[in-house]
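Quick heads-up: structures coming right below.
There are two complexes below, and they share chain A, which is joined by chain B in the first and by chain C in the second.
Right, the complex of A and B next:
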């Protein structure tokens, strides 16, 4: 790639595009990622929001955004982005606005929308080649309503709707692969705890046109049950245990931007969070911990 | 101006074309599809300048429509029946964005049972959404109402999306002579869309459709839409008068047919009113003073105009092509609410008919008038009823027998 690329943390933007003081929980990993993404994208953005935690960011008459905002619904944020993008294109082509008034359309949604209710609208937007960035803060559950199981909840996690001794019986849907199957212009996984990797990917996404995914694992102190002071550590552990692979899809190929070596055992990550406490207390559930480890091992065995 | 044969779907498309719509998010559904196919052909041939985006659902379609309108372009879209209901979350959400656009709904009955044929259950489900509603009875009205709808919805006093409703099949697939207005005359009537303060621009960031905390700001903003609807009543009269002056066609908020001296009137919306007018003519030929009242504007509800028209009448036969299960006809209930407590108001009789495309016969119109006269004489209002004949029931029993149910079975 020929575009400019951040070389170190010191090169990251020092001016923040998102104001402080929001209604998000202390230590919100989604807000961390959003800050870092918008720092790179800047303020010439219109954020099209799907129902979720971050819908409360813009609460009348306050907003932390220096750019524009449109709340839509849980299912149709990509369609909102379509309408805005199409209208901006029409206004541009008819000379009713200049290039300096154009905006980047950014969908902002949680995993509840991105992995589930909004997937049909997302699939259609990618298939139409919509020029937009889709930022998903994935806190692996319906966080705004108390972390009920969503299609992004990992196997074994205990949630209010998967309260049994083995937690959630299903598997986390692979949204990155779902996107890649659509042949988008770009897709990447990121995490706020790895800001340089995140910034480089957002930089690359911003240099391209078409459907682009930034999928951010969003450690959630209230939903995952840990002290907010540990949020960054937990994010790093998600990467170093190999549970959250950092990768990108561009020009038809998936490339891992970080291969953890040596990989820490998954329990280093799992044991930090109340949602996995049943794997360790009152009795250690070696079978389930082993199962989770095996899945991660298998994933990395297949990474060339 | 030229006169051509157009069905309701083509008339709706012509309305959009003459309004010079910029953007059409679309999704096909019977009996609406002809509208978007016609527009797609014109956009492809260059006969009209506009852009169509085919969405994957009506929910997305209405989201895209409102988002584009909020960005500052003139938007047209169309749907029907299950499609309108699939979009319903957004139909209720987007009026609060105060971004005007026009949606033509081609009325079709709702499941279950699933059917393609018309009644008004779909559009009346959107009654409380904040969309304005204009109901048409002819293909000419469909075309003209699309133009009226843009002027009305974009009026600074209103700033709301508008549903223009036409009946599936009876209008959508029925060709009638339609006067096509000259494009220049339409341009003079309908200037280009003025987005006012709306529109996302890098130089002018805005936040749209944001959350509120608490009931007080919520109540305020909801009531603003209500006030804008009310303001649309006066705005509509002005706009319809301007339209009449330019195009010599009257499209009042409430159409009154042979009402001045009528003792009894039929009250209904949509194309069935044509049969009601014929029924009134026949009854007048036999010496009975019968008229027809047809609201074109259903939201805002023209209550004062209806009271003025109906004051002094003896009885009204309300014909509802919809059924609010557990209550009855929606038009009947609304009209009762508008008339109750005012002096000199007529008795209201409720008939539910024409569900799912069932014909309402001339004989039934005559019978409804007879009942209205009888009620006026006796002062007693009969029970609300469904228009359904003994012969129909016998035929249905045969179908049930074929389906394997015992005769007389409740299902």
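Right, the complex of A and C next:
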């Protein structure tokens, strides 16, 4: 590719585009991903925030943003982005702002909205070819209200709404594939714990126009039940066990940007979090651990 | 305000009739509402269309419950709820030729009834979509506030989309309906604009609405969250040992979720203790283990150790 590209971690910004002092939990993996993304995108953005944990980011009179922020209901962030984009286009076409004053519309939503309530509006926005970036911080549950299961909750995880010995019976929806099925301009999975991979993908997304997805797995100390200091380790384990594949879709092809080798057993990841503790205590549930391992194995078998 | 309710069947042009009447009223200087209402949206299914025409902005919404004029496209519809809301002041106009007095008695209709007079009885033989134009013409005459020319223009404009043949046929039938009811011109009276105006106000507490700038205020300054001292949340404090720090300039500052560590190339990073929440991600992430966690005892705003 021809666009500018971060060559090493040392090139990542040391001064950040997102200010401190937000009300997000200490150790929030979503906030980590958000500031890494904004560090690359810069401050010439309008963040369109679907209701979720990050509702708390900007609560009057405090905002961590240098750019603008617009709040929408869970289902309608892409519609908000359409309005912002249209308004900017009108200002451009009437000569009220120049190309240098243009802004990037960035939807910011949690998994509750991205995988569920907001999916219809998202699908329609991609269909219309809306020029926007969709950043989802996926902490695999309705974190802001107590980590009830969402469409992104992984199989077997224990949540307040899946309290049984087997945890969540459903499957984590594959939002990346849902996006890819729409043939968007760009889609990528990222994680805050792998900042160079993330920065390169955001860089690439920023160089393109049209509907673009940045899907960030967001380790959540509160919802996943672990000591916040382990957030980065857990993120890296999600990648090294193959549970969270790092990949991108561009020009019609999916490419894995990192293939874990050797791939660690899933229990290295599962055992770090209270939401999977029932797989190990009081009795080890080999059947369910094996089932989760099998799903991951099957995924990687199909990766060319 | 005039409130006119049309009743017909899918395929009789009644939606168009309401549009013709609405357009003609609008062209005559009225504010107008015009909306069809379908049950099953298919040919032959009973439907209604509702037209309001006032002298000022219309705030009333929905189906018309107390019509000044009810227009019925054919006699088979009389079995339904078409008489609903008719009063002694209102008018029922049926596209038929049964003598009006007989019909009024038979239906026990409280208001006045109009059908085609004997000289124009052949009009009831009209079929299909053209019935709408006919009814619109008749209704326009009964209101008495629409001129023949205005009606003609409205007929042509609203039916044009169905082709020039249909528009011409509609124009002829609409005007025939208008002419046939010359003796009843203006017999429909205008209802009051706000029938509930004189009612006693309900027994509830009215709450004033806040101005939008107060209810959903904007923040115009950047990065004001820095005024919030989230450092007060901390129970443990990360401390960088300058002797061990490799000055990599990126690991702790990038991975800190809160943008609370600032780094410059070649220098020991500075931890912003006013905002560091003490998650200690940096302690585990630092490759040379140059960051230690100490119990939080000092004031939250104390500076970096030298």
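In the analysis below, the second predicted complex is superposed on the first by the 304 of 304 C-alpha atoms of A that agree within 3 Å, B and C clash if a C-alpha of one lies under 4 Å from a C-alpha of the other, contacts with A are read in each partner's own complex, and residues count from 1 in each chain.
Rule of thumb we're sticking to: a residue touches a chain if its C-beta (ideal position, glycine included) is under 8 Å from a C-beta of that chain, and two chains touch if they have at least 3 such contacts.
Keep in mind it's a predicted model, so treat the numbers as computed, not measured.
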* Have a look at chain B and chain C on chain A after the superposition and call it: clash or fit. => clash
* To do: Return first, second, both or neither, reflecting whether A:294 touches chain B, chain C, both chains, or no partner chain.
  => neither
* Asked: Can A:103 be said to touch chain B (first), chain C (second), both, or neither?
  -> first
* Touch check for A:123: first (chain B), second (chain C), both, or neither? -> first
* Check the residue A:84 against both partner chains and state whether it touches chain B (first), chain C (second), both, or neither. => first
* Asked: Once the shared chain is lined up, is A:145 touching chain B (first), chain C (second), both, or neither of them?
  -> neither
* **Touching partner for A:32 - first (chain B), second (chain C), both, neither** => second
* In the superposed arrangement, which partner chain does A:63 touch: chain B (first), chain C (second), both, or neither? -> both
* Determine, for the stretches 75-83, 129-137, 147-155 or 237-245 of chain B, which one clashes with chain C when the structures are superposed. => 129-137
* Structure fact -> chain A contact set shared between chain B and chain C covers 43, 58, 60, 63, 65-67, 69
* In the complex with chain A, residue positions of chain B that touch it -> 22-23, 25, 51, 53, 55-57, 59-61, 63-73, 75, 89-90, 93, 200-213, 217
* **chain C residues within the chain A interface of the complex** => 217, 219, 221-230, 233-234, 248-251, 253-260, 262-265, 269, 272, 274-281, 283-285, 293
* To do: Over in the complex, which chain A residues touch chain C? Could you list them?
  => 9-10, 12, 14-16, 18-24, 26-29, 31-32, 35-36, 39, 43, 57-58, 60-67, 69, 192-193, 195, 221, 228-233
* To do: Note which residues of chain A are touching chain B in the complex, please.
  => 43-44, 46, 48, 55-56, 58-60, 63, 65-73, 75-84, 86-91, 96-97, 100-103, 120-121, 123-124, 128
